[in-house]
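Here subunit A shows up in two complexes: once beside subunit B, once beside subunit C.
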Partner chain A sequence: MHYAFQWAPIWEHRDQIEQGLLVTIALSAAALLGAVLIGCLVGTAGAAKHKLPRAGALLYVESVRNVPLLLHIYFWYLGLSALELPAFLCAWFGLSIYSGAYAAEIVRAGVLSIAPGQAEGAAALGLRRWQIMCLVIYPQAFRAIAPSLASLFSQLIKDSSLASVVAVGELTYQAGAIEADTFRTFEVYITITVLYLILVTAVSHALLWLPAARAVAVRIDDA
Partner chain B sequence: MPEVILHNLPFLAAGLRTTLSLAAWTGVLGTALAIPVALLRYLRVPVAAQICAAYVGFIRGTPLLVVLMLCYFALPALFNYRTSAYPACVLGFSVFVAAYCAEDMRAGLLAVPVSLIEAGLALGLPRGRVLRLIVLPLAARVALPALFGQYVRMLKYTSVASVLGVAELTGSSVLVNARVFQPLTILATVAATYLVICLSVSLAGRLLQRRLATPGG
Partner chain C sequence: MNRRSMMAAAALLPALALMPRAALAQCAPDTVAQVKTRGKLLAGVKFDTPPFGFLDDNNNPAGFDLEIMRAVAAHVGVPVEFVKVTSVSRVPLLLSGNIDLVAASMTHTRDREKTIDFSMTYYTGGQSLLVGKDSPIAGVGDLAGKRVVVQQGTTLEKTIARLAPDARVTAFRDYDAAWLALAQGRADVLTGSLTILQGFAKNNGGFKIVGGLLSSEPFGVGLRKGDWAMRDAVNETLQDLWTSGAYAKLYEAWFGGAPTTPIEVWPS
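Up next, the complex of A and B:
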């Protein structure tokens, strides 16, 4: 091993790394929002009593998650290139729709984990169907699925690196740019690796500390 | 079949072959690497178990694309060797998937009830035999569905090799599109191909699971 480490060039490009980190966080947070929205719709359909919404949810989940994320991003970027969507938007749509399939399975499991008596009780109190879902089922389901959502979020942060392929200036893209500038190949890639590690570890621990998630943890400990 | 696909069929088929060979190498090497990692952690072998835990933690917090970049650009620069995209991808994919497989295997090992191990030891079986005859067969059955989930995920992730310039299915379809520009037709065909392959692997996993199922279990 005759590699001479030089960290100074990386430090000189710290503004690029900072920018990339911000875009990575923004993209994965936006994608989490999109994925959870899709997940709530599709997951609730998947937990429905009727066959038709269930079949629709199954079709969405199976056809979306068996196609690589890269193809989802290419669909918006290349397939619909006539629309000339900005790259960030293409990556956001691709990530949201792809992860939405995983979120749907998580939400479905969460909704099904709530005892049927809860919905029946709420119905007996005269709540409307959307009220039953939004006021009774979702808040309880959220607590049950918070850990799964945390791991979905860390998965999203990692998957957002694929946005670099369509030239979204996130962390991996900036690493490539800095590498081309400085030729400090090992230093720059190990730097962003450590940054991803910190980000993912922080996220997977942070969401578990949300008050809503903690309330149940305490209850389970008591039981 | 659309004309653009028919015209470029040999090229796309070569891409499909590369995708399948990438996935096969990754599946074999990744599983082979995952077994010792899972066992060392399960048996709590001092030092080795900690190293394996650090390796699993490192990989699970790092994006696949970055692992590939490390294998293709950073490691050759550090250790001063030459590599090409395909072997670098096989290395990156295997090291990546092995960490996830090792966790699934370890979960399977931990699912074997302690009482069964104690019963085996009480019957006078040596520790190695308890592991081979009692723990491993039961753990394998528990871990199987999760492992096939990883294989499907890996199959999809082989598309990332196109970023390093490997002309696998995704890469070759992007090349074809750059020449003829019919993105929707090409992407839809490629997506359908992935869908069929991934669903077949899932199905194979389910059949294997049914075949191995213990009666009454």
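Up next, the complex of A and C:
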């Protein structure tokens, strides 16, 4: 095989790759936000004392997590096609709801990992329920679950490539467009492989160095 | 689709990296000699694009592209083995030597010509519009503000952008996804190769083809760069098919009607 790599056609399409990378980052960041919000709500419910919120959380997690992400995205785009939601929104919903189920399990485990004495002590000091969660439980739980959240986010970035099926112009979608245009299959997929690799590695390491994650860690280590 | 394409790329990259340099160097471009030594022709075809290449009711590969490949194998004097390719895998499989040639309803373009070689045109397709039965759209002039879906990265995409600059065009990664968008009411128009649109219209009521032919799409058989022996074999086969009348029969069988564009025949 006389395969000569030619990177010039990829370079000529760099605006498409650049745009795809930006959409991938925007979609992943938006979906992370959605997933963490859902995760906090559902995860806290899953760690509740009462049966009803626990059952609700279990139902959400099991039903959402056991359906492929591709079908989640198709559900919003094609299943609810009457709503005419933009493709980006459909991908955002699909990714947030799907990853939210995983985030919920992480948050639930984090909340349950905090010794019950912490909440009891805080209650004895006269803190309200939301104050106990926000000031005592969540900050400590966050430290425990930061690595898991980082790996969830790196999973989410990779999962965002599925948005290409509903024509969201992210990295994988743009790669397909360039490939069909130039037939430089190897070059274009090597390029986006490297970009995903850099992006996911950078993000998953950066998350662990967030001031919040470190500050909490330091405070607890000092105690 | 997407997951499949990622997997194909992931599977092919290490294969390329691990290929010994020596093997690369001794691989002569004369594929016809190799095919004769091996005793069979490895032809890349699609299994998801009726009527060019698809699985028939008995799950056997069938289609116009496959018949052309059968004729090339007969011309060389060996049996044919069909290898399933996708839009993502066809060029890597061809360049790595896993297939000898590829007939996958590929439009011959100058940009693609920079990466692989093409045979002479074996089929001329044309682009048209598929709309709902009650749609007021009658042609390319009615597309302003309308939602048009098309297959990504194709010449079709560029043509519709040129002919209907005011249309809202969305390009999907494959025909099936674009078709679903139309069928679910997320789009007003699906534009694509007339023969493929006819396939969708035939299998599903409630849609009609309008607007006539918007462009001319020359399909070519894909070959490795510089593989002149195989390109000659394909070109000779195509001309023989035309002069013997076999081409017209194949055309009638797969598309209905007589060929719209003749195969060029070179004098002896």
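In this text, the second predicted complex is superposed on the first by the 213 of 223 C-alpha atoms of A that agree within 3 Å, B and C clash if a C-alpha of one lies under 4 Å from a C-alpha of the other, contacts with A are read in each partner's own complex, and residues count from 1 in each chain.
Throughout what follows, a contact is a pair of C-beta atoms (placed from the backbone, for glycine too) under 8 Å apart; a residue touches a chain by one contact, two chains touch by 3 or more.
Since this is a predicted model, take the numbers as computed values, not measurements.
Taken together in the superposed arrangement on subunit A, subunit B and subunit C clash.
Of the two partner chains placed by superposition, only subunit B is touched by A:75; subunit C is not.
Of the two partner chains placed around the shared chain by superposition, subunit B is the only one that A:62 touches, whereas subunit C remains out of contact.
By the document's definition of touching, of the two partners only subunit C reaches A:9; subunit B does not. With both structures placed on the common chain, the touch criterion links A:177 to subunit C but leaves subunit B unconnected.
By the touch criterion defined above, A:165 lies against subunit B and subunit C together after alignment on the C-alpha atoms of chain A. In the superposition on chain A, A:84 makes contact with subunit C only, while subunit B stays out of contact range.
In the overlay built on the shared chain, the residue A:201 is in contact with subunit B alone; subunit C does not reach it.
Contact with both subunit B and subunit C is seen for A:190 once the two complexes are overlaid on the shared chain. Among the listed stretches 22-30, 58-66, 94-102 or 238-246 of subunit C, only 94-102 clashes with subunit B once the two complexes are superposed.
Taken together, the two structures place residues 1-3, 70, 78, 81, 161-162, 164-165, 172, 176, 179, 185-186, 189-190, 193 of subunit A in contact with subunit B in one case and with subunit C in the other.
Against subunit A, the residues of subunit B that register as touching in their complex are 58, 60-66, 69-70, 73-75, 77-80, 152, 156-160, 162-163, 170, 174, 177, 183-184, 187, 190-191, 194-195, 198-199, 202. Touching subunit B in their complex are the following residues of subunit A: 1-3, 62-63, 66-71, 74-75, 78-81, 154, 157-162, 164-165, 172, 175-176, 179, 185-186, 189-190, 192-193, 196-197, 200-201.
Residues of subunit C that touch subunit A in their complex: 1-3, 5-6, 9-10, 12-13, 16, 19, 23-24, 27, 29, 87-89, 91-92, 95-97, 111-112, 114-116, 152-154, 170-173, 177, 180-181, 184-186, 224-226. Every residue of subunit A that touches subunit C in the complex is listed here, in rising order: 1-3, 6, 9, 70, 77-78, 81-82, 84, 87, 161-162, 164-167, 172-173, 176-186, 189-190, 193.
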